[in-house]
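Going by the order they are written in, the chains are A, B and C; count residues from 1 in each one.
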């Protein structure tokens, strides 16, 4: 059995009396493809409540897999996952469903239905808080267009409120996806390349908004970033991922150029440029929805 | 709600949904159309649930089981099914014979008069348009109406079905043949015509070799549809399985109807298989 | 210099075998068909047929009669509208499990049901329903609805299977229940195709509705059958014209609506 790197009191799985009941963690997690290739290998990380962490690493390092595993979308092949203090895979299905409404996964490409209007796409983030009946009513006539407008305004796309999603540019769609996060009530925010389509100034301001929001809610924020400079500038803690393993897990000050060079290898130059467009790789691992 | 400190400016006075009024209008329009329509269609589920109706339905359904499986009857059904296939086949063949000349006449590519000035002479255009309209007329009138008419004209039996299919499908095939021939790249045919080939030669050497697989494929598909159509036409007396089914239905012999329905479904499924295999093999 | 074996002309199987088999098959079919075919093409018979068709002109007029024709046309239109609408709802209900969202068994079962509903032609459904629901447009509406539910169920299921799953999955991962997730993510993606299929089926159903009356299911079809049975061919001719006009109008409306949908 894998020997955890963390003090026993924190990873005591026999009881729920953890030092911080809102802790999220991965402990010896391994996520494998069907062919045996490991997307994540022996990953052990701890996220305290309210922490804001950036995950960096070259393409294919496993950032997306890590975020989805933390978000209960992928069941690890080995190891334990703890989300907001609970083990998602030891729960009855209904409890897992409720747990999911407390987290928010923002995939790399915004999952917006093309012909849906922005107002409904944004308010979809509120649906877990509504009854089914209200959710359906809102489709006919938006129940809280004000909230959607307010959320969009934070990213300066409020004028697109009643437009169709397929009439937006890539950057606008990404911002609409982030606005959806703002109207939700999630306490664990997992964002995969949330600002990849935005220019540097807009990316900085959007990230700032997200971090302020996470702080105000006391939510844990974990962001997968390709742009290392952005990560260094805005996050106090950086986790470096390479080939599915944790290369380092350090406060910002301790992340040296040498570490970064080792992390990215020959790709270091690429890390400071525009990220290549990657489709969400469809992993053939156990998916439980 | 978000509690971000940074101000984003005042919310607009009203967040009117721009598609709100339109939706209301459409909803009202829909109600105004659907309620009279439902009344006209006598769509009143309550009548179905009424006791007399339920009893009649129950009794009717009860006659369906067990399905009639007597040997004599099965032989009758088999023969009727074969009749249906025969009607469909002969009807489709005649339809092809009707469609070919029409498609040729209406085909713009074979127009010699259009070569010189890119515009057909008036009389030729008139004939072509006339033929196109005739094809449309043949197609728009539903097959079963033709079947009805021909049953009145030539009497009950297979002949009415054959002629009905021949005419309607003749129109349909004519139109599709025309489209297939026209969608062909015109240059080969044109080259032949310009160099003095007759229309028939241009067709045989230019258009046909390219289009033949598609033409055959569509014809086989239509044959499969014709089988289904023959059964339906049989209901009004045009022979085959449909006519038998109607007789049994009139006599409330549910078991016989069930058997024939099963045979019909099997027949259609089988024809679908044959048609698909043929089209793959020939195409 | 001899031709290499690979270039030697092979026995043209396709161009000889196929026509031969076909001709044999055709011959068998022709011999099966009963009836006095020679009598059919005799002078007298042809003259009779021509006379029959000529007697259709001119079509009958008269205000009272035309009013009845228009009423029957409205009835036919209503049958096609309500029947198609019911089928769209029923088809969607069938398509949801048939696209695999509720497991393999549900998928197989609903697909089988849709196939059965599809396989039986509308006319046969109508003939059977007339027994239960009595003569009149209700039987026609139900027959159309039942048959078209099978057709649309299958088409809708294929549409549902072909859309991108990401929007739906993203919502489900964030804690949205299946039903709201369907309406917020899947439905907007698939709606244009659903509407397009439904409109296309409406074009078919107006033709079907026109003829269902032949078995007593109301509308223009019933009128046509009655007049033909009484050999009132001129009245039948008017009804036929009404059918063609009605079908043309519905075709035009459906095409216009579908064109607007694409924009």
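Definition applied: a contact is a pair of C-beta atoms (placed from the backbone, for glycine too) under 8 Å apart; a residue touches a chain by one contact, two chains touch by 3 or more.
Keep in mind the model is a prediction, meaning the values are calculated, not measured.
Novice: Chain touch graph shape: choose line, ring, star, complete or other and state it.
Specialist: complete
Novice: Can you pull out the chain pair that has more C-beta pairs in contact than any other?
Specialist: B-C
Novice: If you average all the Cα positions, which chain's own average lands nearest?
Specialist: C
Novice: Counting only Cα atoms for the centres, state how far chain B is from chain C in Å.
Specialist: Whole-Å distance between the two chain centres: 7.
Novice: What whole-Å value do you get for the distance between chain A and chain B if each is reduced to the mean of its CA atoms?
Specialist: About 53 Å separates the centre of chain A from that of chain B.
Novice: Let me have the rounded angstrom distance from the C-alpha centre of chain A over to the C-alpha centre of chain C, please.
Specialist: Going by mean C-alpha positions, chain A sits 50 Å from chain C.
Novice: What are the residues of chain C that contact at least two other chains?
Specialist: In chain C, no residue touches at least two other chains, as defined above.
Novice: For the complex, give me every residue of chain C touching chain A.
Specialist: Those residues of chain C that touch chain A are 166-167, 169-177, 179-181, 183-186, 188-189, 191-192.
Novice: Under the touch definition given earlier, write down the residues of chain C that touch chain B in their complex.
Specialist: 14, 18, 25-26, 28-30, 32-35, 37, 40, 45, 48-49, 52-53, 74-75, 77-79, 81-83, 85, 116, 119-121, 123-124, 127-128, 131-134, 136-138, 140-142, 207-208, 210-211, 214-215, 218, 224-225, 228, 231, 240, 243-244, 247-248
Novice: Over in the complex, which chain B residues touch chain A? Could you list them?
Specialist: Touching chain A from chain B are residues 1-6, 8-9, 11-12, 15, 17-20, 23.
Novice: Which positions of chain B touch chain C when the two form their complex?
Specialist: Residue list for chain B touching chain C: 33-34, 36-44, 47-48, 53, 56-57, 60, 82-83, 85-87, 89-90, 93, 137, 140-142, 144-145, 148-149, 152-154, 157-159, 162, 228, 231-232, 235-236, 245-246, 249, 252, 257, 261, 264-265, 268-269, 282.
Novice: In the complex formed with chain B, which residues of chain A make contact?
Specialist: 117, 119, 140-142, 145-147, 149-151, 153-154, 158, 161-162, 182-183, 209, 212-213, 216-217
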